[in-house]
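Going by the order they are written in, the chains are A, B, C and D; count residues from 1 in each one.
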């Protein structure tokens, strides 16, 4: 069970900002750059230039930006399957990322890893498509920092679904027992693919983390201000004390689980998409043996409920960038300048990358 | 960090009993039978008739007896590496156990499983030498009970060290999320082989269990009265509600981790045993490169501290059977009768088993 | 006879098993939507969606099977078995033996596998030979709808643990889920006979441990499973043009393995190519060579397998996975030598 | 030259590595006492005892290695790798490849293995061939003190992940710990040359991937690792009496494997027996047959391996693990045919 619903988050979001404007603008720049970058990636993906599952971080930019903006040289990141935003924000060459996504030998990982397996030794940034693996990885990075008496921290980014994965829980215990500077960042978007995590999660995640002896805090991950402020306190303290922390940050994944998420496709074109599944579904539901009629109706209702519910995350009011734009709407001009500048930058990145990779198209 | 020390347990033990005498005598019988059985097993082991690691449950009889005495037909047990007491108390043929330990084809598992891998389909009793495996196993048993709408429960027995194993934590979450009738029984003897568990455990285990949404309770596992009373409440309730519970029961392992435990051997004959290790130890500690002299002294002190500390569990005041005997010392005659009767029974079991297995001796 | 896709066939056999036996149920991540048709019909008790706790729920599946249920536990991608291997290695595979043969584990583990759609090395492994190394497990790798359904039914009816591999390139919904995502801008090298085919109206279990001769031939024996079988068929057509008559064997189950049928073919051809999408070394291909050799037979042998981590880049991926060209090349080497 | 036990040799090489390189450290359950001599000297930072969280600390070891340390992570018994396999399968083995060759994982995993002391099938597995199936991992199985030390040093110095198997029958402290427990009432079939032997005064790394010819012979090649090598030696003496001259190869490392040296021997003898304490099917023995066959060589082949779950009963255990009699029998079969 996760403890805050979308509604609460929304209500709690400060709409008048107290934070220094320059910081907010910096954050805006980081978040927007990530967003526009991932939107450009989406286009490449749509064009068939990127293969496989493409998981975006659209909707969790405030969480990532707040954390990454506090990182220093020697800090490490272990990311889950939504690696683009942290890698991009950490300063990794965007062209190297695009080339990697295109499967080009000039890509960040020579085209061998792809978007789920991004690695930059130079930045101590690693990622993995195995749910929960970010926990042990960040713990190992933090162990080396403690070993070498560095004042660094290691960040683990993962979803609320991952907290049910044994190795992640083991790593929370390890970090606590060994007092390692791991920042466990749980991006709670309430979904694990098509599973509402509350249906398969016992207790509350914050209490679970506390049960491991971790200092834990729950934050509105859609509100960059709340996130940034909290981390301004936490991360410098971690450097000093070398101790682990757990953050439960509520956010959304606007594009669904991954690009082409079937649940999300329904929202684009419900009738068209539903037609395809409804035939076999109704046929199966009408077969002789099975549950009672009432239960079957319930089952179908449950499926439709999931589709309906999945649409929520697309709402503008849960978009961390729109929320921030509202907060600093008096800065319209700066915002527009930033937008223009980043649009240009990203356009150039994509163009150059495509040129470098000879179009990157798989015949 | 475990939250009660031996001292606390000791102080908390009721020395005047409030419980019905007949129940206490029944418990005494169960516990003593297990104890004398395992002592007989020890003898066979010493004689070389039993091979491999032999982990006893001596010191945790009150925990096992309190739980098992509340079980009914159709209930299941998933045990860890200390399987003898639960299997014996659950009513499994003691000769079949001894024959199994002797590796005899007529043993419980045809001599193929041995003492760490005991299975009785008839009793729904399974065990495993893999730390933590009892969690998923009990969860699966409980799932079948829920599936079949039985009013049964499944018990998982495991140590406090096992709670750091991912699959056990995953199973705590599963049982909680699916509301399965699993009784998680953590026998906290403060040690995992030679590791004091508090040194490698973050937070407190009770809070950890609560973090999974489990109803959790801490008990003095050396006091059969406290244990029995608590379970008289918990288990019938679980049958009614089908929900999971977690018990943190403090106890000891009197014979150390397993028979022949090197730490425990020191207590028998310190000088003799220490001579063997001290040579290489001192030689290594005196080598040129390495930690500073002060640290090395500390390291050796830590080792000696572990030896010293391991002796505590042998103390009579932590023996659940002696504690019970004191409580009902006014029943001297009954106690003696029981003792005599069980001694005879076990003697006969061993004799017959040895006869059946032709001495069971591996040349 | 009806025509069905690979995925429909599995679902149809599952439905038949579930309607015939109340103790059959499905458990795994997202199964309420991955198996939405069965979910609509049977409900959440029998199509049970689980947290991302593979070692927890696979371990629970082992015990549920011991308690008399017939779980079909889904490990979404076989690559993820790494976190839950203990349940197979030390429990499912051993409990019957440890119990002196007295306690069965009638468990099915269903896992998608295989590559060819650009998801890279942590999501496209095959690992069937790896898992077959462990005594006590049955391993099934169907290559077409009819086998997929019949073997699923056999797996469910078996009193032993069975690991059932579902190749993602053959199963349209996986391909769409993990590869296309609704796009028509990506293409795959799809084996048509694997993707769709005729199946019986009522499923009969196909005996576990019997291979199927897919094509008759005299000069060389191509042995494979899953998508590899279709690559072999394509290769055999090219070989035909080069005057080489290739026999194609689809093992269907690799543990147990149908040694007799292999021997028969090799007796005729004296030449073997094993085409295995799983890793080359210490796996299926080596095992086949050893089994034949132990029979005292003499034969030429080559193999076409995955030799290193599967790269993300689709072009290099196609070169890494066994492909028709590589099979033809190896076959010609063996013929020439 | 000094005489050392198998366990002393490993410890001595470890000590040498640790004193020479601050980044080398040991992590695992109970290592403060299992490695008490090193603990006394180097302290808890470098001999770090861990909770029973193999997937957590092995995964952490992978990342610590990526960050520049040289962890020697102990998995107490290789059987327990089931709970932590993901760290090897999907991370240690793949990160170098995934990173485009830019990021190394200089990790050593040290695990005890093997049977012969009555601990049954969940605690006596070998699994080296199983792990060698995964591309990207090096696998070492020493059979004697000199190799054990030299290969441990090589493993630590390697920039690639290495899985180092320590056979419990060779390591006295494991034998005592898990078998005897201070008793003198139990006995084992101990290979004396494996248990104790001469070692160099200063350790030099032994190149990973070079086998060692343990005995010269002309008629038949016996190939093995670990305790199996000594069983082969014993068998070869019996074979000698029967007029059969057996060559014994100790692979020492099975991934990579020293194919050239194997070929050389087989060219001479034309007959191969693989003796493998790991499971028979889909493993080392099959791989060896395939590698030789692929070279186009003709030879006779048999294998002596563990064919099912290892039973608890010591008598049946001795029959299950490769033993001298079984080796002699298979060798005579091959000679006779």
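A few notes on this one:
Methods note: a residue touches a chain if its C-beta (ideal position, glycine included) is under 8 Å from a C-beta of that chain, and two chains touch if they have at least 3 such contacts.
The model shown is predicted, which means the values in this text are computed figures rather than measured ones.
Among the other chains, the CA centroid farthest from that of subunit D is the one of A. A count of C-beta contacts for the chain pairs A-C and A-D puts A-C on top. Between the Cα centres of subunit B and subunit D there is a gap of 33 Å. Put simply, the C-alpha centre of subunit A and that of subunit B have 44 angstrom between them. Shown for subunit A are the residues that touch two or more other chains, namely 109, 111-113, 117, 128, 130, 164-167, 170, 173-174, 177, 199-201. With touch defined as above, residues shared between interfaces to two or more other chains in subunit D number as follows: 45, 50-51, 53, 55-56, 79-80, 82-83, 86-87, 90, 94, 97-98, 120-122, 309, 311.
Residue ranges of subunit D in contact with subunit A, taken from their complex: 25, 45, 50-51, 53, 55-69, 83-84, 86-87, 90-91, 94-95, 97-103.
Contact residues of subunit B toward subunit C in the complex are 76, 78, 107-113, 117, 119, 121, 124, 126, 128, 130, 133, 135-141, 143-145, 147, 166-167, 170-171, 173-174, 177. Put simply, subunit D touches subunit B in their complex at residues 8, 15, 18-19, 29-30, 32-34, 36-46, 49-56, 79-80, 82-83, 117-123, 176-183, 185-186, 309, 311-316.
Listed in rising order, the residues of subunit B touching subunit D in the complex are 45-48, 51-54, 100, 103-105, 109, 111-117, 128-132, 161-162, 164-167, 192-195, 197, 199-201, 258-263, 265, 277, 280-285, 287-291, 295-296, 298-300, 302-303, 306, 362. Chain contact summary for the complex, subunit D toward subunit C: residues 55, 79-83, 85-90, 93-94, 97-98, 120-122, 129-130, 132-136, 255, 279, 281-291, 293-294, 296, 298-303, 307-309, 311, 337.
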